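Going by the order they are written in, the chains are A, B, C and D; count residues from 1 in each one.
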Amino acid sequence: MNRLKTNFVGLDLKNPIMTASGCFGFGLEYKDYFDPNELGAVVVKGLTLEPRDGNSGTRIAETPGGMLNSVGLENPGIDHFENVITKEIDGKITSPIITNINGRTIEEYVEIAKRVESIEAVKAIELNISCPNVKDGGMAFGARPEVAGAVTKAVKEVTTKPVIVKLSPNVTDIVAIAKIVEENGADAVALINTLLGMSIDIKKKKPVLGNIFGGLSGPAVKPVALRMIYQVSQAVKIPVLGMGGISSVNDAIEFLMAGASAISLGTGIFMNPILPLEIKEGLEKYCIENNIDNISEIVGAAHPNK
Amino acid sequence: MFLEDGVIIENKNMGDNYYLMKVKAVKSAVAAKAGQFYMIKCHNGIRILGRPISIHYADQENHMLEFYYEVIGEGTKEFTNYKIGEEIRLQGPLGTGFDTELKGKKILVVGGGMGMAPLKYLVESVKNKNTVTIIAAGRDVGAVRIADNYHFPKEDIVFATDDGTVGLKGNAVDAMKELLSKEKYDIVYTCGPHKMMEAVARVASEHNMRCQISLEEKMACGVKACVGCSIKTKEGMKRVCADGPVFEAEVIVDVNPKENTGCSCGK
Amino acid sequence: MNRLKTNFVGLDLKNPIMTASGCFGFGLEYKDYFDPNELGAVVVKGLTLEPRDGNSGTRIAETPGGMLNSVGLENPGIDHFENVITKEIDGKITSPIITNINGRTIEEYVEIAKRVESIEAVKAIELNISCPNVKDGGMAFGARPEVAGAVTKAVKEVTTKPVIVKLSPNVTDIVAIAKIVEENGADAVALINTLLGMSIDIKKKKPVLGNIFGGLSGPAVKPVALRMIYQVSQAVKIPVLGMGGISSVNDAIEFLMAGASAISLGTGIFMNPILPLEIKEGLEKYCIENNIDNISEIVGAAHPNK
Amino acid sequence: MFLEDGVIIENKNMGDNYYLMKVKAVKSAVAAKAGQFYMIKCHNGIRILGRPISIHYADQENHMLEFYYEVIGEGTKEFTNYKIGEEIRLQGPLGTGFDTELKGKKILVVGGGMGMAPLKYLVESVKNKNTVTIIAAGRDVGAVRIADNYHFPKEDIVFATDDGTVGLKGNAVDAMKELLSKEKYDIVYTCGPHKMMEAVARVASEHNMRCQISLEEKMACGVKACVGCSIKTKEGMKRVCADGPVFEAEVIVDVNPKENTGCSCGK
């Protein structure tokens, strides 16, 4: 009996454990530490239409119990992904591949979604709406409900693949945004992306990151992630992919109980490259010890009605 | 690449803020190559990222690795408290090290301060089949004391210090130019402050010598999964943790010098 | 020469080090560890018109590098503060006292501000707008610019004491809120209050806190606090009181360089009861070593124009 | 109240998940009073709050404090790794302890499991001027093994275990009722699971005996500065860290029992 078997947005997964976009390259980078096919799904680095060099200067800063990154979506572009990377991973990664897609305008999102549509290996799309919307004065797509709804709708119209909309936590009301992307056809929501933060080099009297600001991730953000997942999972009917600081089996259980149907591991893998395996084994053990036939039974267990 | 729990067998101060740590770690000691590094996990969980530390020396027979480190911030400060017998988690060996597949060459090794850390094992890996000359440069006598730990006759090492407390009063490039006025070399390996390496690379290029340099960047994953350590090179974006830390100088030096994409090494 | 002397909202302070409301009781609780008169100012526990018992159930949860609290504004009420507490601390605390005030409606804020106006010992008001606004459907006063502006204006109209408006970080655009409270007469802004978070007890399958959600504070939130202070201090002309995770001298310097004219210590005091003293001595040492006549010289040093 | 860095002189497993830690700490050992506690700072910075641990025993002459602790989560697990000679930071002594100013009284001490930790020093503080009877209750023999560490004739301790592995098969209240059927006592002190203490307090009240109970709450400051540990009592809100942890049972028991404001002790 596989107690971890999970169906998420129509995909049959061995388990509810995925990788967080941007923390697992394109799937093979950690293969010396564990077999990526042990994962429920592999979410790859955020892609854009054109290749991007990302931000200049220092891009990583450690913070207490967390880290900041300002890689700025460095990626080889959708062409390279389609023509080179999918070939490199072909046969080597049999777990479903999910691409994380990004644009500067709704048109760019639509364009890249169309490109992904024809890539067989890709089983679902994670729509990252945390990026600044250049047409909207640089405020993130995910910051305004109408805009979040519009981009979701536009992408849904051009793809048959399930669309998981990845929400930014840097908002006053994440529930409102989750609801509107649900209304506009999202198959699931993923949360949380990074919290906007910064760090200062007191010797140089300058921000540590070349880009000044960066995204905060890791254990430090866990309580915020759990709160948002708990709120959103009660407000929408679509499933939630939970992430933000998971670094142990107990953390994973907390996220499931908060209402995440599946989880993504990011910074936790940097801290411990075999974390996905440890969580997989830990969840199995938890099910056996607690007489649980399937891990999905604990999803949302901490909700008030349970 | 793998994870291994090594056991500390020595961890001592080498003067000033410099420390030598010896670790028993069977797989790691055997797998290590010159110029590669390990990410060492801090015990204090408030520091979540591994600290990249070069392989100073690897004793394959005795399954022992040496790390030579300088106290910079809280992480390396924490290292100094580790006791003999304590375990440390090593992730590695990581990255692309120096080209050590040379034979019958005249090799010049130019180290500056802590940049000399990876060069000990480089020298060990090439000295039997090649002729090696070492320049050990630094601020003062303390900064070059690391050379005492090399398995290399001290009198054959060319020292250069800014304050003249040992060897030539001057920097690595001064020493290099002096050597080049007398001798020819086939290849230069260098590690140290970024400005020094750039200057060394320029001199090497003027003399039509191949030059390998070893870079530093802040790292999160160490395995090219996060692109945090990416830098712009003449061959496009490269990850210091995997494509480097050792690069051919020509692909690095003079890349868009106005953009601060080179190296985080602020020394 | 006192290199730490600072003027903040018209008050002459020995140094820019204050306590964070809710973390230092009413000023004497830590007196066995250090003399509270070593502080620049003492910000006391949030007060309401009526005494409040606060939230029931567990109110404290530790999180990675941080903590959650849901004390729910337990406080003895303004009467008790005026009649009992000000007498208890009279003569014992000579550093300026700042009261943190809270209401459920604008009227309540006005009422309590009027009461504070007549209390001589209180030298300034910290207006906490992170509480839910009962008349506005429970969304915090600090979540909507108009409301934040309105409460600031109403309080300013009834007091002659300087008003420091304390902002909630749980918003999409903290700069907009800072600007509107500035326009409405705020003498300074204080940030950040706590990030909304939660934690789950996996054995009980329930939220750890009786109140489900709580406020995240401590080192974990530092990067978010620094980012917001950096943004706000460049956008407004009034001074910024910075807080959020300060637990060392270097942290304090980071906050000053980010643009805070003064800092408050909260969770850091729980971690180390003599932190305020350590920071005071550390800042003095920093000034001497760096040839700085007054610590205010480094305020905003990390800003781009510096 | 103060901060003191104590030095660990013993830290050993006492069976199951129970540990005894002895700490040399001059000021703390002298200042400690029965029923008070110290907040012990974790070395791992990811855990920012001190762990409240009761004074198990204080040897004022030898400047030694004893803590008896059970591994519950990561913090107490971390404690088990502390080595002899290692320093720990103590904040305390905190709170209001037991009333030990009694003379010529018949005292009944009822401890349940880890609740017996603070009662050792209580017994030491009152046994010379009063007559003391101790009930040591727990799940099984492991849970009451702490009594072996008391300076009290073991044969005079009344044991009660749920599984009957030692002493009476039954709980603390069963043992208490049995004693009360034969003897009268002036005062009961109790510490243990909240439900047990409530039951003990009810029996005490039925017999018109004064009863002091010791509560547990999650704490941040330990000095009534954060009101995190506040509970509702018959005398209004009280802070467990300062007004308690020891309270007269009558102000606590039966307060709004539907509201979960009593005690976080989930045992």
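Please note the rule applied: a residue touches a chain if its C-beta (ideal position, glycine included) is under 8 Å from a C-beta of that chain, and two chains touch if they have at least 3 such contacts.
Here is each chain with its UniProt name: A, C = Dihydroorotate dehydrogenase; B, D = Dihydroorotate oxidase B, electron transfer subunit.
Nothing here was measured: the structure is a model prediction, and the numbers come from that model.
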* Structure fact -> Every chain in contact with both chain C (Dihydroorotate dehydrogenase) and chain D is listed here as A, B
* Structure fact -> Ranking A-B and B-C by C-beta pairs in contact puts on top A-B
* Structure fact -> Distance in whole angstrom between the CA centres of chain B and chain D is 55
* To do: Report the inter-chain centroid distance for chain A (Dihydroorotate dehydrogenase) and chain B in whole angstrom, where each centroid is the mean of the CA atoms.
  => 36
* Mind checking the centre-to-centre distance between chain A (Dihydroorotate dehydrogenase) and chain C (Dihydroorotate dehydrogenase)? Centres are C-alpha means, answer in whole Å. => 34
* To do: Using mean C-alpha positions as chain centres, tell me how far chain B is from chain C (Dihydroorotate dehydrogenase) in Å, no decimals.
  => 46
* Do you know which chain A (Dihydroorotate dehydrogenase) residues sit against two or more other chains? -> 64-66, 219
* To do: Going through chain B residue by residue, note those that touch at least 2 other chains and give them in order.
  => 45-47
* **For the chain B and chain A (Dihydroorotate dehydrogenase) complex, residues of the former touching the latter** => 1-3, 41, 45-50, 91, 217-230, 232, 237, 259-261, 264, 266
* Structure fact -> Residue positions on chain B within touch of chain D in the complex are 43-47
* Structure fact -> Counting only contacts in the complex, chain D reaches chain A (Dihydroorotate dehydrogenase) at residues 45-46
* Asked: Which of the residues in chain C (Dihydroorotate dehydrogenase) end up touching chain B in this complex?
  -> 64-65, 219
* Quick one: in the complex, what on chain A (Dihydroorotate dehydrogenase) touches chain B? -> 22-25, 29-30, 32-33, 45, 53-54, 56-62, 64-67, 69, 71, 74-75, 204, 210, 218-219, 267, 269-271, 273-274
